[in-house]
Every structure is written in C-alpha cells, then in structure tokens.
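By written order: A, B, C and D. Residues from 1 in each chain.
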Amino acid sequence: MSTYFKDIYETVTSILGGMGITIMHLFKARNDNVTLQYPEEKWPRPERNIGFDHGSYNVIRSRLHVDMDDCIGCLKCERACPVDCIKIVTEKSPARGEDLKDIKHKGITSNGTKKALVVTRFDIDMSECCYCNLCTYPCPEECIFMTGGPNSKKHPIDYEFSEPDRSDLIYRFAKPGSKEGLEKMNQAKDGGE
Amino acid sequence: MTVDYLFEILSGLFEGLIGTNSLLLLSMLIPCLAVFGFITVYGLVVIYAELKVSSFIQDKVGPMGQGPGLHAGKWGLLQPIADALKLLSKEDIIPSSADRPLFIFAPFMIFIGAFISFIAIPFGESIIIADFNIGIFYILGVGSIAVLSLILAGWASNNKWSLYGGMRSAAQIVSYEIPAGLSLIIVIMLSESLNMQDIIKYQSGGVFNWIIFDNPFVPVAFVIYFISALAETNRTPFDLPESESELVAGFATEYSGMRYAFFFLSEYANMFVVSAVAVVGFLGGWQSPLVGFLDSAAWGVFWMISKTAALIFVMLWLRWTLPRLRVDQLMSVCWKVFLPISLVNIFGVAIWTVIFN
Amino acid sequence: MSEDKEKLISEAVEKALKGDKEAINSIEDRVTRAKAKAALVKAQRNQTMVIEEPTDTNSEETPNKNQKLNLSQEIAQKIEKKFPKSIDGEQNEKWIQLKPENWFEIANYLKSDEGLLFDSLQCNTGVDIGEEFLESRYNLHSMKHLNSIEIRIKVSIENPEIPSVEKIWRVADWFERETYDMFGIVFSSHSDLRRILLPEDWEGWPLRKDYEVQETYHGIVIPKVKEGWE
Amino acid sequence: MGVVHGQEMVLNIGPQHPATHGVLRLQVKTDGEVISEITPYLGYLHRCFEKHCENVTYEQVIPFTDRCDYLASMSMNFGYVVAMERLMDIKVDDRVEFIRIIMAELQRIGSHLLAVGVFGLDLGAFTPFLHMLRDRERILDLFEMTCGARLLYNYMWVGGLSHDLPTGFIESTLEFLDYFEPKVDEFENLLGNNKIFVERSADIGVMPAEVAINYGVTGPNLRASGVNWDLRKDDPYSAYSRLDFEVPVGNGIKGTVGDSWDRFYVRIQEIRQSVKIIRQAIDLLPKEGDVHKAMPKKIRPPKGSIYSRTESPRGDLGYYIESDGTSIPYRLKMRSPAFTALGVLNEIASGWLMSDVLAILGSLDIVLGEIDR
C-alpha cells in the first residue's frame, strides 16, 4: 500500500519537475534558441556569439576547386583519391615552361615551377567526392583545395551547390578546347617541320 | 436556443417565400456551417500553437519567415495554411487490399463524432446550438463514436500496424471513459443537473463559486478528468494508438492527404470538446472569474474560449514533456489508480455535502 | 653516379650529422646536393629510430606483449597435452595454429578450464592466405585473467569445413555467419548458417582473392565501370 | 491467472521503421502484443567496407572508417590509427595523443547524447532528444572548427593528425564544457528521473553479466550489466593511462542490474567522466608540437597481423589487420561493437511487449552503418 502511494507521489512530483523544466525553456525561448534561419542567416552566423573567432575559421570543407594555372599535372591528387572521383589527362607541352596563348596555358606556376605538361582534362565528380581532403595534401603546388580552405581569401566559402542534373556536378577544370588546340598546334608544328 | 432564435428571424424575413420545413432545415444548417468554420479556424490556430509551443520548449523558433511565398509569412503565421493546402492537394491513396467503403468512411465518422459534440457546448448564456437537458451525458455519449471509427480505420486499412493502433485505441478510450465519467458525476451531484447551462449557472458568483473550489475532493476529480481526457483524445503520454516510434503511425498509417487531415483535425477538435467540458464542469464555463468584471454575452464567449485554450495549452505542454506509457501500464493506471480514487472521491464529496451543506 | 660524388655525399652527411649543416649546403652541384639532403634525412631517421627503440621497451605495452608471447606457447603446450596432434605445423610465438578436427572440444576446454577461462570471443575473421587455403582466426580474451590469444585454423579451399563454436560462445553465431558469408567457410553443426550481410541469393564469396562479381543480379546488370565518365 | 493465446502473427519491423535506427529489419513473431521471437535481418546498409579496404592504400582506409559508425567517426579513426601504429611501431607525440583524446572524448559525449536522446525518442519523449541534439551540435561546431568537417572527419592519420588545433579551440572547448555540465543534470531530471521513463525502462530487458560476456556485448551495455570493463583502463592505449577517471557501472538503482535504465544511466555517467577527461587532457596538452612529425612518408607496415582494440562509444572496436608488406591491406576486418550488441537482442527482448522490444533496441544504442559496414 505504501509503495502504491509512493509511486503516485513520485509520478506526480517527477512529472511536475519535468514540466517545470520545459516551461522554463518556453519562457527563455528568445535567448536560448539555437535555430539558424537558413537562407537569411548563414554560417558563420553573424549575430549570435558562438564563441569562435571567425577569422581563424578557415578550414570548412566545401567543394573542390583547382587553380588550373598552377596545376602541373602530376596526378598525385588522382592517386590519393579513395573513391576515384578525379580524372586527369595530360599531354606533353610543345614548349616547356612557356605560355601557350592559343589555349590559355600558363607555362610557370605561381610557385615558379616550369610546367612540362598541358592538362587537357581535369574532371572532378563532386557527386562522388567524399570530402576526405586527402587530395589536397599531396599537391606540390597547392592548387587543388576545398573552397574555404587555406586559400579562402581567393575563394569564398561556398557550401550550397546544387544542380538540376547530376552530370552538372562533374566539374571540368581544364581550359576548354585545350585538347583540340594542342592537337592543332602539334599539327602546325609537324607541318612546319 | 440558437436554432429557435434563427428560425424566428428567418421566418420573419422570408415568410411565405419558403416552406416552414425548409426554413427549419436552413436554421439548422447555418449553425452547423458556423461550427464547421469554427473547427477549421481553431484547427489552424492550434496547429500553429503546437508548432510554436513545441519549438520554444525545444529551444527552436519554429516556423518563421518574412512574407508569403517561399516563407511562411511573418512569424510563420501562414504555416498552418500551407500545411492544410498541402494535405488537401496530396494524392489520395487507398491501398488495393484495403476494405474500400470502410476505409473511406472511417475519417468522416471520426469527424462527425467530434463535430456533433460541438452543438452542446455553451459559449454564452444564449449562445448554444442545442441546449439539451442531458448535455453532459450527450457529449460523453457521442464522444465514444471516436472509438468506433478508430477501430474501423485500423481494420479497414488491412495493415498490421493499423490493426494494433485500432485495438489499442479501443481498449484505451473505453477504459478511460469510466474515470472521466465518474469525475463528472461529482459535478452532476453538486449541480444537480445534466444540463450544461444549469451547471454553469450553479457556479455563478465569482471564482470561488466554481465547482473546482467547492470542496477538497473536486480538484482531484478535475485532475483525473483532465488526464482521462488526454487519454480519450490520444494525446501524449497516452498516444499509444498512433505512437510513431512503435506503430509507425498506428491507425493512420495508410491514410494520406485529406483523409489524414480529417483524423488530424478531429483529434484537435476532440481536444477542444474535452477541455470545454472540463471548463463547463469545473471552471465556471463562460462566466467571468470576478463578479461584474467583463461580464456580458460577448465576453462570455471570450471567457469560455480562453479558459479552454488554457487547458489545451496544458495538453500541449504535457505532450512536449513526457514520454509515453506502455499498454499494460496505461490500463493499470486507469483501473488501479484512477478508478479507486474516483470512487473514493464520490463518497468524499457526498459525505462533505451532507455534513457542510 | 660516380664514386667520388658518392664519397662526397657520405662525407657531407657525416659532417651534417655532427651538426655542420654547411657541409651539405656548400656542395656546388644541385643534384648532388639534393641527394645529400635526402641521405641526411634517411640517416637522421635511422638515428632517431635507434634512440627510440629503448624507450619503446620501457612503455607499458611491451612487457604485456612479452607475457602474451609466452602465454601463447604455454597454452599451445597445454592443448597439445590434452588433445595430442591437434597443433598444426610448428609452434608460433604470436598465435596457435590448430587443426580443425578437435576445435570444438578444444574451444570448450579453453573456455571452461579454470586456468584459462577464455570466456569472451573477441573477433573471428577469415583470411584467404593464398595457395588454395583459407584460414579462420579467433581472437580470444579472458575477462578474469585479462589474457588474449589468437587461434588460427587452416582449411583447404576445396573443403572449407570447421566445427562451429556457436554453442560455446554465443557471439560466434553471427561471427561465423559473417565469415561464411564472406569466405564460404562452412561451420559444421551451426544452427542457422545463412548469409548475414549479403542477400541470400548472392553468388560467390566476396573476400576470397579469386572472387569475381557476378554479371547480373535479378536481371539488373551490375555496373563495373562508371557511367558517363570514360 | 490463465493466459489467453491468440494466433501467432509474423510482423516485419523495418526496414523502414522509425525506431530501427537505420535500415534494420526485425522479423518478429507476435502473440497479440507479446513478441515471442525476434530474427534480425542485416545488410541493408552493407557498403563492402572490408572489400574496399583491400583495394585502397592504408591512408585511404581512414575515410572509409569514418563512414562505418557515422555517429562516432573520431573514435573510428582513432581505433584504426592506434592499430596501425601498433603494427608499425610508431610512437607519436604527447600533443598528438592528447588532441586525439580530446577529440575522442568529445565524440563520446556527442555519441552518447544522441544514444540517450534517441532512447528517449523511442519512448516518446521528443523534447530531451532535441535538447541533446542542440548540445551535440556545439560539439560538431568544435570539430568543424578543427578539421572543417562536421560528421566525417578523416582527422586522425597514422602517426599524426590532419590539422593542428586552431587558435581558440581550447577556449571554445572549455566554454562548451562549462555550459554543458549543468545541462547533464537537466537531462537527468527531465528524462532519467521521470517516473514514466523509469517505469518504461527499469526492469525491462535485463541483461545479466554472463549473458553479456557470452554474447560478446561490450562498452556501456556491458558496464550496465555490472562488469567493470573499459579498455581505456584495462588495456590502455594512447595516453589514457595517464588520466584519472572512473568507469561507471550499472548498479540497478531503479530496478535490476543490467536493465534498460542502467544502460541509460551508464551513458549519462560516462558523459560526466568524459568531461572530466577532456579537462585533464587540456591541462596536460603540450603547448607546442608538430602533429605531422611522426607521420611516415609512405605507409608500408611490416608483414604480419595485429588485432587491436579500442574503446569506441559503443564498445570494443577491434581492427584485425593482416599486412603483406605492401601499401595495401591484405585483409582488414572491423569487429564492430554494435554488431554483437544487436546479436543479443533476441535473448533479452523476446517475451516482452512490442513497446518494450523497441525500447530495448533503443537502449542498446546500435548504429546500422557499423553493423552492416
């Protein structure tokens, strides 16, 4: 009998205790709320203090980006990718370390390396990318990176990318027409000789 | 009564133009439409309230936005309308193996149950559609139609989860009618009437004449009634028939679109009915808490609705606080706790009345 | 590379190791300098490894390991005594190689003997060790004595049959099903030997090294090359 | 009292069901609401982890381990790198060790918060679940700050870490801990002490210690059965031997030892212990150090095999690695704790009501990604 009343007492007190906690949250809703009103407010959140210094907050892993002017076609990123979502095709440059104006090829990277290869295809399938960041470390020229990564000053954080068609998520970074252009140049060279 | 009143007005207006029978029908139809409109508007409001209360309790902001279109209006006020439109425009799916007529009939039946309860609820001294002399009895009676329709929905869906939900709700609602009824018996004992208006008039004269403050046994009866009402309307912690983590959605698993909306709406309508009965029985109905303070027919509607809204808020508040009971615990709470306490209460009230009055 | 260059490099590296970095930087030829630097790094790593080795033995893991090594042989001897000719091949420091025949009785002994009490089967895995042999490996652990051993049972790929220990360690039920699923090792007298992770009608044993993916599954062609890519 | 037996009904809970925590199918035999037999069917989330690992290099395995237990990716990384470092005899810096411990314990808090919250959700309590998600979100913020990813980190590498800690991380973590500690009490009051919750979980699904050990159940589930077994204490890896913390065990306060409530309680207590560990680790963390120092240029472990265990939030996480001396694993097996925890379900949950079975399933805290791999 005593457990009967004890149970009733415990039930009532614990339920009232729980209700007390929830009503406190209800009244403090304005200060406590953690919702990010997404399209208007974006990360990094502008007004609410979350305790981080946004200036040093620069390692968000967003989509991959390649600075083609710096790429030397060493294939290290392709080999590092665990899901094989990077595909690179290179061809020998007719003139090592020299700009090829016709196909907008730059001969020297910003680190000063002379390029021996022309990258005719540099495709990244972002729909397969697993955002592991493994491709960015081996790059000797630091030209492949996640936007919002170490080069975030050049490329803003951009984590909302959607496409109506899945094939649009295959990013083609190589300069358009570089393959044909290169062929033409080689032909012209052959003809000249 | 409203119907008679309307009939008089209408016969004054259209005398000789339309037959008496048609006029009577018309004067019945108008209040029905009004009730339907009230339920719809109230449904939208309470859905919004539920969204907001739950969000605030959970440290969120709930539906928000700047304007119509992509956003749900200022403070998300358009959210319930968007919800309703979405439900209305959804494809109506009837499973091929379902019992088609029963499947279609069940959601309307549960709505009818909630709908016809409304006609006996008084919103003011003369604002009541049908002033039965057995008002409370009537509401308890038609409230049970919900059980039938839930079983119907569960059976007709031809789905094991729905069947579980239907069976659970049958056991639950039938059991909890008993403590709810026994608690209301105290009200009837004190007011010596089954008529809603008489019960309210018995409580006239300020907040301390309300039945809940009549004697120390009545608050207990009020709590028992309120909890039983939660169980009857399938609200947490008694939402076993549709417990989403166990039975997917219980009896409503196979329903979609408009039919699902009817289940949804009648749950909220039932919440209003049981709260209104609690207000009439224990909290003075449409009467102002202070004598002479905002005490007119229009303010009567205000008092009635605001008291009911307060009880509905407690229901929402409980829902977002408590976990759910198990089937056997639900039954043992009813039969082992509420029933004996209700009986003791009746004795207590009887003895108290004999001694002190 | 010519011999004098090699000599130059080794001299420079030796100097650098003693602290004179200029010895390398002063090399004129770029290629030689780079090679010298690489050699220096290699030498430094060797050096640090030499330094690190003694600290390794001081850390708390190593004595444990030594103890385990002894334990493994000790238990192997015990098993050999109790069940003669059940040890397969030579005794090993790290694991016990058993023949499949007596495995159920040995497992029972390992679990119930007071001195051993291996009451927990930590892990069971199959390995395709090549040369037409499969191996089932059991990692046992004793909650009381805090010992761990590894047991390996080798079977031929034609007739991969090992007695089930499901009745001894209940956890073996699912582990054995998984090993069966992946390697096709049949655990005889298992009560419910079905595939566990793959669909029941899948063909082949995926983790064997000679596995080839089936062409179609329920009429669906299994893609092996990425579409729209090449 | 006579018991009425009805006709037996076979019911499929899942693969699409709100309470199965992923894609799990439980085929149950029911007699009314009483469930007499449970047969789990796995594999709906099978992503060929082990087969993949035989085709990628050792570094590339790490992103795959992330995806096994997606609620405790740090711990998954941690277990793998510890196994690799044992295999290759690499000794890493104190700084790396303590950063790893901070991350693993933060992850343990996050994972336990979700486990406890979802357990409440299975019993119908919605609000505690969202409160716990709210705090887990702050932990994910801390992770995002460190390595840029919120869920799948690829943060711990063999011999080091992918990034050093960012500036302000320690302050943010301490700030979070100060904010978080009182919240644990609130969770306990809101959910754990609620009488309805106690009634639903105490004495339900009792798992005695022998059964737990026999079925290979580990981690909080085993500790709830009263067995003091924690790899951080009993087989210390990383720098855990230098930290002072207790191992909470279930003691049956509200019911029997090893019931669902104990499993809840042990997790709540472990959250408190993790907070304690993080504070100590922050104190012991060396200020300077290169997190890439011990990383080998090319990972080619010597020929041989290793079975290495670490304590993930769900229990003993074992990696069996067989190396043939190349840079690609010859065989890599993950012994996942949730796999064995699910195996015990039929033993402890048959004979209970349907609601109880789902409550027990919730209390075991399984993650299907890790079970199916």
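FYI, a residue touches a chain if its C-beta (ideal position, glycine included) is under 8 Å from a C-beta of that chain, and two chains touch if they have at least 3 such contacts.
All values reported here derive from a predicted model rather than from experimental measurement.
Colleague: From subunit B, how many touching-chain steps at minimum until you land on subunit C?
Modeller: Shortest path length, in steps: 2.
Colleague: Which chain pair is joined by more contacting C-beta pairs, A-D or A-B?
Modeller: More C-beta contacts join the chains of A-D.
Colleague: With chain centres taken as the means of their Cα atoms, state the distance from subunit A to subunit B in Å.
Modeller: Each chain's C-alpha centroid was found; their separation is 53 Å.
Colleague: Between subunit A and subunit D, tell me the centre distance in angstrom, where each centre is the average of that chain's C-alpha atoms.
Modeller: 28
Colleague: How many Å are there between the centre of subunit A and the centre of subunit C, using C-alpha atoms for each centre?
Modeller: 36
Colleague: Which integer distance in Å separates the CA centroid of subunit C from that of subunit D?
Modeller: 24
Colleague: Mark out which residues of subunit A touch at least two other chains, giving numbers and ranges.
Modeller: Answer for subunit A, listing residues that touch two or more other chains: 15, 18, 21-22, 25, 34.
Colleague: In subunit D, what residues contact two or more other chains?
Modeller: As it turns out, subunit D has residues touching two or more other chains at 127, 131, 134, 190, 194, 196.
Colleague: Touching residues of subunit D toward subunit A in the complex: what are they?
Modeller: 56, 59-64, 66-67, 127, 131, 134, 137-138, 141, 144-149, 152, 154, 162-163, 166-168, 171-172, 175-176, 186, 189-190, 193-196, 198
Colleague: Could you please specify the touching residues of subunit B with respect to subunit D in the complex?
Modeller: Going through subunit B, the ones touching subunit D are 54, 57-60, 160, 164, 236-237, 239-240, 243-246, 248, 320-329.
Colleague: Any idea which subunit D residues touch subunit B in the complex?
Modeller: Subunit D residues touching subunit B: 9, 11, 17-19, 33, 120-127, 130-131, 134, 190-191, 194, 196-197, 199-200, 353-356, 358.
Colleague: Can you name the residues of subunit A that touch subunit D in the complex?
Modeller: Residues 7, 10-11, 14-15, 17-18, 21-22, 25, 34, 50-53, 56-57, 59-61, 80-82, 130-134, 137, 146, 148-149.
Colleague: Could you pull out which subunit D residues touch subunit C in their complex?
Modeller: Residues of subunit D touching subunit C: 42-43, 46, 48, 50-51, 54, 86, 89, 91, 213-216, 227, 229, 234-236, 241, 304-305, 307, 309, 316, 318, 320, 322, 330-331, 333, 335, 339-340, 343, 347, 372-373.
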